[in-house]
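Going by the order they are written in, the chains are A, B, C, D, E, F, G and H; count residues from 1 in each one.
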Amino acid sequence: MSKPYTRLDKNNAAVLLVDHQAGLLSLVRDFDPDKFKNNVLALADLAKYFKLPTILTTSFEEGPNGPLVPELKQTFPDAPFIARPGQINAWDNEDFVAAVKATGKKQLILAGVVTEVCVAFPALSAIAEGYEVFVVTDASGTFNEVTRDAAWNRMAAAGAQLMTWFGVACELHRDWRNDVEGLAALFSNHIPDYRNLITAYTTLKASK
Amino acid sequence: MSKPYTRLDKNNAAVLLVDHQAGLLSLVRDFDPDKFKNNVLALADLAKYFKLPTILTTSFEEGPNGPLVPELKQTFPDAPFIARPGQINAWDNEDFVAAVKATGKKQLILAGVVTEVCVAFPALSAIAEGYEVFVVTDASGTFNEVTRDAAWNRMAAAGAQLMTWFGVACELHRDWRNDVEGLAALFSNHIPDYRNLITAYTTLKASK
Amino acid sequence: MSKPYTRLDKNNAAVLLVDHQAGLLSLVRDFDPDKFKNNVLALADLAKYFKLPTILTTSFEEGPNGPLVPELKQTFPDAPFIARPGQINAWDNEDFVAAVKATGKKQLILAGVVTEVCVAFPALSAIAEGYEVFVVTDASGTFNEVTRDAAWNRMAAAGAQLMTWFGVACELHRDWRNDVEGLAALFSNHIPDYRNLITAYTTLKASK
Amino acid sequence: MSKPYTRLDKNNAAVLLVDHQAGLLSLVRDFDPDKFKNNVLALADLAKYFKLPTILTTSFEEGPNGPLVPELKQTFPDAPFIARPGQINAWDNEDFVAAVKATGKKQLILAGVVTEVCVAFPALSAIAEGYEVFVVTDASGTFNEVTRDAAWNRMAAAGAQLMTWFGVACELHRDWRNDVEGLAALFSNHIPDYRNLITAYTTLKASK
Amino acid sequence: MSKPYTRLDKNNAAVLLVDHQAGLLSLVRDFDPDKFKNNVLALADLAKYFKLPTILTTSFEEGPNGPLVPELKQTFPDAPFIARPGQINAWDNEDFVAAVKATGKKQLILAGVVTEVCVAFPALSAIAEGYEVFVVTDASGTFNEVTRDAAWNRMAAAGAQLMTWFGVACELHRDWRNDVEGLAALFSNHIPDYRNLITAYTTLKASK
Amino acid sequence: MSKPYTRLDKNNAAVLLVDHQAGLLSLVRDFDPDKFKNNVLALADLAKYFKLPTILTTSFEEGPNGPLVPELKQTFPDAPFIARPGQINAWDNEDFVAAVKATGKKQLILAGVVTEVCVAFPALSAIAEGYEVFVVTDASGTFNEVTRDAAWNRMAAAGAQLMTWFGVACELHRDWRNDVEGLAALFSNHIPDYRNLITAYTTLKASK
Amino acid sequence: MSKPYTRLDKNNAAVLLVDHQAGLLSLVRDFDPDKFKNNVLALADLAKYFKLPTILTTSFEEGPNGPLVPELKQTFPDAPFIARPGQINAWDNEDFVAAVKATGKKQLILAGVVTEVCVAFPALSAIAEGYEVFVVTDASGTFNEVTRDAAWNRMAAAGAQLMTWFGVACELHRDWRNDVEGLAALFSNHIPDYRNLITAYTTLKASK
Amino acid sequence: MSKPYTRLDKNNAAVLLVDHQAGLLSLVRDFDPDKFKNNVLALADLAKYFKLPTILTTSFEEGPNGPLVPELKQTFPDAPFIARPGQINAWDNEDFVAAVKATGKKQLILAGVVTEVCVAFPALSAIAEGYEVFVVTDASGTFNEVTRDAAWNRMAAAGAQLMTWFGVACELHRDWRNDVEGLAALFSNHIPDYRNLITAYTTLKASK
């Protein structure tokens, strides 16, 4: 009776980054800014590392919402980038949906700002069309914890799986032996405690 | 197997504001008073902006519970206003249910004080009669977070969708192009961070 | 597909108070002691007010767990009181189950210490035997919030309804007109903010 | 041996509002935005109500810091407004100091963004020049609570008095009989709980 | 160089309870209402237990601030009760100061609502006149923790000693042998954990 | 329609301890280190006390993740210990699954570091293969509360039961009379409040 | 003008452990019980490690306060142990003061339960008699954080130095070279993170 | 009577970075790791930007404490680096003190791990020798907030000024016109919200 285990598969997954714009980010207050910035860039780096097709989209970026944060543009220079002219739910934008379909993937890894709108709306729409949706909770931000909790509840009830960028990376990678260096670098760059473990280990190893 | 995406439709939605009374508001301690006041008025303003039929109701307003907060009366001078003589669950009041039915809407956007009683009881009753219920979590207040969490759990298990006033506004509006000015004004009046974005943007734009 | 609204009915409900013992109470740290004491006594008072059959039980009260708190014994001098000789799950005790069955009620309002054991175990057992279980979350305490959250999750997944003593009182009473004085007295004795509303109201009314 | 009681005197006090700019406000995360906006406007309203000489200043408002929030300009259309060309400590700006001196007041009521810089620096400088400084803690914001605590510690050690806008208003007013209506209006506009008390009181009074 | 130890002396201490009024109490949000009510009544009970001269005062109790909470009137039927006609700082009221002086005590134990005004102002004034002031922090409430912290800082800098009702009781009593029963009763009535200790102890003792 | 009560049975349960390694533990920040260490050791002690087959596994223990904490090795010197060469999900390791199957048990009590990966992945896999999974939430740690909440949500949605080490012990033991001394010792060693109850009780009992 | 640096000297320091009794410990709620137990035992272990004269005292241990926790008695079998017959402030007990004087030390390292009474009172008394007092804040517990903050403020204002057991150990030891093994063992036994560092380091070192 | 304003002067200040080692950093739990890493690197970057003489020191870096984090070595390749052989208080190491004296500066900007030892001890020693000490609170970390608060209290009482890296940067820079680009780059690299302001501003400016 419970939900079956749908596991992320790097050959069947795409990443959707929705509205991480310079203006909108000032609305995010359920994460500390340093941590949130790190989480978003970690998700971007893992998308690149696993060579997952990635789609960028923004809402009204000519106005107060501001431009996409430059780091994302730089990480994905060739990714489809849909600057939506007005649709709040990215899934209401035909170009966006077409880009998603063009990836040919059935698993959507989704993050954005703000959680209860820019993430929840396309998540619910994609599930309704048969996609498996994995929300990257820690790369999605919103006004406060109360708002976040309500949004998580709504998405989970609809069948979305709530994950984190670290969980996504681990479920995609499956086995360290596929590439120890690469995964360690990803963690070292985005998890200070892990970096410290590696520093201490490497230094001690080298000192023998 | 998961719950299908039921999306708010401005042509099929009504707003129910339950027991936002001057006395009862002193019981609300799961939100800061400044924030809660803003959330309630934001919900009222969006109801008016989207021209949603809105119903006001109070419990025992002659007694210690106190009168409906004046701002709500002023925003909806012509709305049905049911001063319940004793029913705790608004849905037990025939006039209230009649007013809901008279709207002809099937989607109910619901907020009130206190969450586990004045919101949860009519939410559960309305769901039982086939309505789609959207609880505006941040315009509903109660004694403390423990109480709120239990109430959310009970309503969500029954099929209510937990939202926020901002999510409601966005899902109703769907596309900025329907009215940029209007939605921006709503946000500017009730989201200080958004107002600041607009101020900075407008000033800079004007300075060219 | 969602859970139907099962509403508390004062003619069909019994109250089970499990292991509110002087020693065990020192384990409760997810509520402030002043607040928790008040919540437990409020639940006891409402059980008495609504004349609900009430069952008291303790675990090993001769040992370190200590005796039942005296206020509960005093409030229910004639209630069945099952001092369990060893069963941790009260539902494993035949006398306790017999007492529950003897009430002839199908709705069980349940609270105790500690939540994940003394409340969760009988809640799950009672549901398995077809009872409708309403957990009074704020009159049930445990070691910390993490533990509580896990216990709530387990009980809610099994079909228990999470409530508070205030919600229980309101759902049982249904209409203020059934007895304004009595319900107001219950609230005045256990909700300081409500008492203040009544004090201010009454004083001003009298001053006219 | 302890610090003597220096009491605010409405005939000897001026208000300094430092760098409440649209861009800088997005840095403030030790207060909820709704609450912080209200606190700043409450301070502005009280300055106006008590007719205290008020000085506005901004840092680099042509750049990313953004313009002064419009409400402040509107409240004080004729106040000295010093747009500092570069000085971070407002007290390093001769025009600002001249404006302060021109008020002829010895008590400075100070608030700004961010606390440890735009408030603390001029507070320390003013104390060093013999002024009595009253920091309005809840109309001053910064990155987080850790930063705020350090800033408060530094200012208090130097002799600043830490207050709130409400405390300032009360200490300036001294006696309700000086103007009941005016002070009540100030509180009603900026303290929702107080507004509710007044609403309930007035309604009941009128109903007699 | 540090502040010398000024110890409470039951023969030289008076208690001042300032503005614990039914309306104003709804403003208090830095304590849970159950806990705050208990703290205030505990302070009242200890004042009575130690037979300390006690003075009650209120601000504008005919208006929205509401009447003194009835329990305090009942506990001190013969205490001086100064209903101030307008002075915000109780020390600005001649009758209040006269009542304080009439006690002949030099140590003032002070609590009230709200902390940064009704407590801080008379505390600072009393210190300025040479009194030793002991603020009962947990029987004094205000809007939020930020406000409280600022008020504590201001009072401590001026030389007030910050205490709690429990600390006050212990420092006044000095030796359990002065009256074991009485002090135990005070603690049992206002500290649930202590009551539980006594219940468990007494029961086990009796069972021998 | 709700999930039936699956109760832990000491004759049908095995314990899986996943990746409690010296390096990885520095990543755990959703529990205080003192508390987390105690919880993990309590789980180990209960596994031993109930003679549950227990399986230890580590990930990459030659590298920065570090060795299994020595206490676990010492508690279970003869337990299967699978040092995984690279599989992140322990269930992807054939030896681990074989060890689980070799126990012949259908109920798996699972804890590990970090929750959303080392616990969630094998939990989901085991459920998919028909095992009943009980997650020991307080002996499983991760980066922060946000991450934990998302992981709990994912596992609970899949049918895992969220428990604590204390709940597990109580559900396995069922009746104090099975062994009062043994269970009391387990609690005394890992619950300071319980130890204090026992100390006070025993001392008083002995003093008669 | 600031307080000069008084540094702990192991040849001039004594440790006073006040009222760590099995009953009173149930009152401590400003620390998690696992953490607090660890902190108290760490302080005891360091006192023994540095061979500091240590004095134990209890209040009314025949009654509900309960006996001294057994671990402290076991750690200091030959220490002066003053079971006070009634004095709340240990310094009011002549035997206790005599025991302190008999140590011949001028620096007193002090911890106890509860902070604002059993710690603060003797701290203030000892300072008044010219001792240098170092309060071990994390081995002293009380009802809640508000109470603790007030007690810290009072003691710090009087000249006490607020420290932690770890800071005390480090200031006494001064140089690792005095005994690397011993200090590392103390830290390994009471700081799980440090133990993990040592485990990882030692294992890797040994693997070469 | 209050402490005079001692202002940081870039010509008279040196930076001391104490024990930011890979192992010790795992002990820091009063800051989120992402934030703390950012704060430490921000302080390093500002030291370099203002060309302040900087001194690095470590404690026992061959052992479990681990090596200095590589970023600090890289930022200051030519800085004095004192690997202390055993002294816990860096000021007890003659080479360290000599290096400090060699800078010829009287203002010491100090940060390290852990706060109550590696920061507090040299801070107190330096003050005792007449230096002006500025503690960078947010680049100094320790076990928990309780420990931090005690350490701050001790240092502030001794005359240290508590600051943050941002406050230090602003007080050193004094006037944006000294170098707009440089300071903006420092802020953009270490304050995500500020970076967003600059991104939005620059993009809009460029779009004209």
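Convention: a contact is a pair of C-beta atoms (placed from the backbone, for glycine too) under 8 Å apart; a residue touches a chain by one contact, two chains touch by 3 or more.
As the structure is a prediction and not an experimental result, all values here were calculated from the model.
Chemist: Taking shared residue numbers divided by all residue numbers at the interface, is the value for subunit E and subunit G over half (same) or under half (different)?
Modeler: The interface of subunit E with subunit G is built from mostly unshared positions.
Chemist: Report the inter-chain centroid distance for subunit D and subunit G in whole angstrom, where each centroid is the mean of the CA atoms.
Modeler: 43
Chemist: Distance between subunit A and subunit F based on Cα centroids, please, to the nearest Å.
Modeler: The separation of the two C-alpha centroids amounts to 31 Å.
Chemist: On a C-alpha centroid basis, what's the spacing between subunit B and subunit H, in Å?
Modeler: 48
Chemist: Spell out, as numbers or ranges, the residues of subunit B touching 2 or more other chains.
Modeler: Residues 3, 23, 26, 32-33, 66, 191, 193, 196-197, 200-201 of subunit B each touch two or more of the other chains.
Chemist: Using the contact rule from the top, write out all pairs of chains that touch.
Modeler: Pairs satisfying the touch definition: A-B, A-D, A-F, A-G, A-H, B-C, B-D, B-E, B-H, C-D, C-E, C-F, C-G, D-E, D-H, E-F, E-G, F-G, F-H, G-H.
Chemist: Sort out for me which residues of subunit B touch subunit D in the complex.
Modeler: Touch list, subunit B to subunit D: 22-23, 25-26, 32-38, 62, 66-67, 69-70, 191-193, 196-197, 199-200, 203, 207.
Chemist: Contact residues on subunit C for subunit B in the complex?
Modeler: Touching subunit B from subunit C are residues 1-5, 7, 31, 137-138, 152, 156, 161-164, 166-167, 170-171, 173-178, 180, 184, 191, 193-194, 196-198, 200-202.
Chemist: Write out the stretch or stretches of subunit H touching subunit F in their complex.
Modeler: 26, 29, 32-33, 144
Chemist: Can you list the residues on subunit A that touch subunit G in the complex?
Modeler: 197, 200-201, 204-205, 208
Chemist: What residues on subunit E touch subunit D, complex-wise?
Modeler: 3, 23, 26-27, 59-60, 63-66, 85-89, 92, 114, 116-117, 120-121, 124-125, 127-128, 143, 146-147, 149-151, 153-154, 157-159
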